[in-house]
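Think of it as A, B, C and D in the order they're written, each chain with its own count starting at 1.
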Amino acid sequence: MWEVGVIGATGYTGLTLISILKSHPHIKINLVTSNTYKGKRISEVFPLLRGIFDETLVPTDQDHRGRCDVFFLCLPHGKSMDEADHLYDNKSIIIDLSADFRFEDIGIYEKAYLKHRAAHLIPHAVFGLPELYRDRIKNSKLIGNPGCYPTSAILALYPLIKNNLIEGNVFIDSKSGVSGAGREAKLGSLFCEVSEGFRPYNIGIHRHEPEIQKEVKKYQDIGIRFVPHLLPMNRGILTTVYGRLKQPIDTENTIALYAKTYKDEPFIRIMEPGIYPDTRFVRFSNYCDIGLKTFDDGSFVIVSAIDNLVKGASGQAVQNMNVALGIHETTALTGLPQYP
Amino acid sequence: MWEVGVIGATGYTGLTLISILKSHPHIKINLVTSNTYKGKRISEVFPLLRGIFDETLVPTDQDHRGRCDVFFLCLPHGKSMDEADHLYDNKSIIIDLSADFRFEDIGIYEKAYLKHRAAHLIPHAVFGLPELYRDRIKNSKLIGNPGCYPTSAILALYPLIKNNLIEGNVFIDSKSGVSGAGREAKLGSLFCEVSEGFRPYNIGIHRHEPEIQKEVKKYQDIGIRFVPHLLPMNRGILTTVYGRLKQPIDTENTIALYAKTYKDEPFIRIMEPGIYPDTRFVRFSNYCDIGLKTFDDGSFVIVSAIDNLVKGASGQAVQNMNVALGIHETTALTGLPQYP
Amino acid sequence: MWEVGVIGATGYTGLTLISILKSHPHIKINLVTSNTYKGKRISEVFPLLRGIFDETLVPTDQDHRGRCDVFFLCLPHGKSMDEADHLYDNKSIIIDLSADFRFEDIGIYEKAYLKHRAAHLIPHAVFGLPELYRDRIKNSKLIGNPGCYPTSAILALYPLIKNNLIEGNVFIDSKSGVSGAGREAKLGSLFCEVSEGFRPYNIGIHRHEPEIQKEVKKYQDIGIRFVPHLLPMNRGILTTVYGRLKQPIDTENTIALYAKTYKDEPFIRIMEPGIYPDTRFVRFSNYCDIGLKTFDDGSFVIVSAIDNLVKGASGQAVQNMNVALGIHETTALTGLPQYP
Amino acid sequence: MWEVGVIGATGYTGLTLISILKSHPHIKINLVTSNTYKGKRISEVFPLLRGIFDETLVPTDQDHRGRCDVFFLCLPHGKSMDEADHLYDNKSIIIDLSADFRFEDIGIYEKAYLKHRAAHLIPHAVFGLPELYRDRIKNSKLIGNPGCYPTSAILALYPLIKNNLIEGNVFIDSKSGVSGAGREAKLGSLFCEVSEGFRPYNIGIHRHEPEIQKEVKKYQDIGIRFVPHLLPMNRGILTTVYGRLKQPIDTENTIALYAKTYKDEPFIRIMEPGIYPDTRFVRFSNYCDIGLKTFDDGSFVIVSAIDNLVKGASGQAVQNMNVALGIHETTALTGLPQYP
């Protein structure tokens, strides 16, 4: 039984983590923190936990070093780096859901975010996308859990870039449910400002663009253009990627390449020709569904779908924890997608 | 390991049953049927099951007698009675999610529904509300799983009627998500006919009214008025009950009565004064949350919330199965509510 | 051409007012104010107005006395009374959309809200429900525009209480879209905290209860219990009223009574037996639709539907303005309901 | 006063047409037809019209030739061509909202749809996009109203293709509300199959692709790839177009080009740099909002938003009628966008 702490437990990723961890047979949550709600029971913040998990929230800003085998940091970027710096002891596993430890190149991070105050930890960190970096995650004590958009985009592109098949730039058109904006009282996240509407935002300036770009460049030297949109729904990301192959490959063979690349991956499902992902069919699960179509002129459309709070955040964090602990990777992550 | 069949597996209750049963450690689903989709894999009908449960659908209209230890009938009323008549052998447990075996009094059934063609089975059937009839469910081979609205209304009223506390009639104002209308292509269930709208329907003529009424009358001889409304959301029922007590009891003591009545019930949660249920907080779970307020003049407001597909249908059906099989009642039903 | 000012123009009622007034042939909006957004063009706050209405917002806290023929106050209660006190000159018409001038009895107001700082104006104010108080609105310079819930509840009850037909208390079960909570960044109004959920709130303590109660008591001395609920949709209120008649009257005759009571009302539509309102069918219009059913034992169910931002706020405010100015009451209010 | 007929009045485009035409000062609707609902009043089909427009529906399959000055055909493709063939007399103006008269090249039409049975009328037909073909619409008696997706895509691309600025193919990623699927009881349009989900469909095989392609080719010989997606909302289309310019042009200058191209267009609004369209801000209006960003490497992102039922269907049809009748083009189309 490993003891686990959720640092910053009162957002949607914290709640989703708790929900997953409560069904984990080898885990005990022995710490939940919040500065805003300290002293309250977490079931007062989230009444759905009433009678199930009534733990009292302790302040985040307190010394929790060494108290847990695994710490999940569900904090804003900037805040996470300080907490990680404090907690890091090369014994506890730290899984950071912010952007602070996703970038190997501090220059890219600082350009997109802010000055890094725990730069000495960056060499210890690994980008927590198990499908690409499982082996390195195994021995890591500091895991930078990928962003939700990057997870959907990188998994969609990986089989092509790994094999150096793309010509020219790609366009990444992503659409996310509102939970991606977090559980903060912001005008733009109000029901009346979101429902019955649809809009792009941060075109060419979203901070997930450099995160996707730096991963893509590791495999193939191509540029990306990333355009996120806000969907009037709670959860789910659908990413549609457009580009052109160096040499045309037909749909069947491209699908075969994807199937082969991901053949041992428990959470990736490749659709047959003519079938495309729907966020409904991965909702509340750790799956990433991928479908695609290619055309005679070499152009391609790849579509991926994830639940932004699960495979795009807390589910992937638990997957990383399982890998890092050396236990079965799918433990606590076998729940079916749920709809309606 | 018991073998289970889902008869009529391609509706929302069928899908929800499969989702719950897949996590049940003592159950194997060895039969899924559908006349409409026979020959297809169920994962073609519900792509979310792809790679998880790819069983082929066999025709419902085929001889399945004796093939399973437990049969769940997810069929329309009228059709269920015939299927039950065919399958009943006093060995297999039959759990019928239609209305066909909910009424002890055939006259009430036939007035609300249609001529009963398996009347000889009615004496063998038990109304599958474990909180009221657990002992009888234990030994039953034929369980009439309650309606979604009746579950929410009866559980809200039970502590009061059991103790004969109500004076005069009660008004039951219920609101249900659209999944209650089933997975049929009906104009009234279209997205554009439901979203951004709210309406009552079938006032005074809904068939769940006699189902609630006959249960209420077993405990206290009062009348009910039932008004259902359609909510622009997928799942969840919230029921608000209005009436008057014979003698005023304050909110705290009324809550205490509820807490005492349901103290051993694993799926009923009673809210503290000033806290009321929200369907979000029971979504995807088998919980029924109840909150209430009473007034000096004896009038009361009781509010209950369930997930209509879980405690209002498939979850309760699995609860009934667990009781009937003599295994732990909460098995496979411990998943947390999920939001957002 | 009358000149009109919208004081506090950047909420949903302000926007809805502007939308209605822009189609009014006898009106020119010559003043829009906001403290938060002062100096910005209103089309920067509401991009849908781009190229249509690009007026610059001036501070609310500035001397606008005498600048307009009609002032609409779209301010929070407390703030409105001060502004009205400042603007009142017995020449300009002031229509206040807050609660500050809805109560003839200052004691009731102060119990529910706060100390009234412009009590000397209360005798000049009229409750702006034209169906009940048209004659007094005609000569008024200060109109307290009714609350959204009270509009729906009072119009539903009026034909019964006017004729003294009700026995005992009534239960008023109301459900409102989220826009009723205003355009403020509040956690409880977030998309993810509202969509796919439904909940009651403020049972027995909502401030619209005394507003409904004081109107009801003017006609018949009965008590009310008011329970509001939050609907996962933008706009619309549906109110379901439960109670009992002194003497049973059948549905047809009760409908006839309603039709007769409201026969000259341009914005009230009475449904035939078996037909009930749907908020979709009044959306974006000033209609109040009413349907009902009575039972042999005297109990009744009345259902009313309005758009909370139109008949429940800004549409009714324009209706009041039209009455007060002595022009055709439906001017600028003849737009059809809109769906989907 | 012109007399107008709506042939096939009981779908969403029929309803939207009626809503717009009811506010048109020079129009009288003297004919509404439906085979399905013949004999009923249209206000029984659409209760929101109760007391406003209670016209009786006559059968579509009846001789209406010469009865109206303008006929709007809101019929499925295939059916429209027969009706147009019957009604065409070179006097009445026929505006067809189906695809039957959108294609000058019968070969493209027949490949995408079906054998054309009124081919002799095609030379008389004009593609009803006023921004491109106003002069020809003026003298036309047969107008093929454009598809919703094509309207959004062509208006987004027109300034670039008109000036021959694009290099290589473009990717058109469109997202539509559910009303685009029509008012038919289809499984895929059910609330529970749409809400809280998002999916692409008909990639590379949607019939609006050849409609966009044939218009684009008239101006510049480039290929397009069109991918439609289904949004969980009622109305609105947002189209995001990706491609590359032959020579990089910066965002400001590209916007200036758009502004110049559309400078006299009453329904097109060009956004400033960094501002992008939102379907909310055109909802219920005839506007098409366009925003864009270009990059140093010549790649571009153009975003357009329309209400699919207004500028994408019935509003544009009325705009075409106004042009064809020689009256002011914006008559009855000046209603503001509406939200929330």
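FYI, contacts are C-beta pairs under 8 Å (C-beta built on N, C-alpha and C of every residue); 3 or more make two chains touch, one makes a residue touch a chain.
None of these values were measured; they are calculated from a predicted model.
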Farthest chain (mean CA position) relative to chain B: D
Same or different contact residues where chain D meets its copy chain A, judged by the half mark: same
Centroid distance [mean C-alpha coordinates] between chain D and chain B, Å: 45
Rounded Å distance between chain A and chain D, as computed from the means of their C-alpha atoms: 39
Separation of mean Cα positions, chain B and chain A [Å, integer]: 36
Overlap residues in chain A, where contacts from two or more other chains coincide: 12, 178-179, 192-193, 195-196, 232-235, 278, 280-281, 283, 339-340
Chain B to chain C touching residues, read off their complex: 169, 171, 173, 175, 192-193, 195-201, 203-204, 223, 225, 227, 229, 231-236, 238, 240, 242, 276-281, 283, 293, 295, 297, 299, 301, 303, 305, 339-340
Touching residues on chain C, where the partner in the complex is chain A: 12, 178-179, 183-187, 189-196, 232-234
Residue ranges of chain A in contact with chain B within the complex: 12, 15, 18-19, 22-23, 47-52, 178-179, 195-196, 234-235, 269, 271, 275, 278, 280-285, 289, 334-340
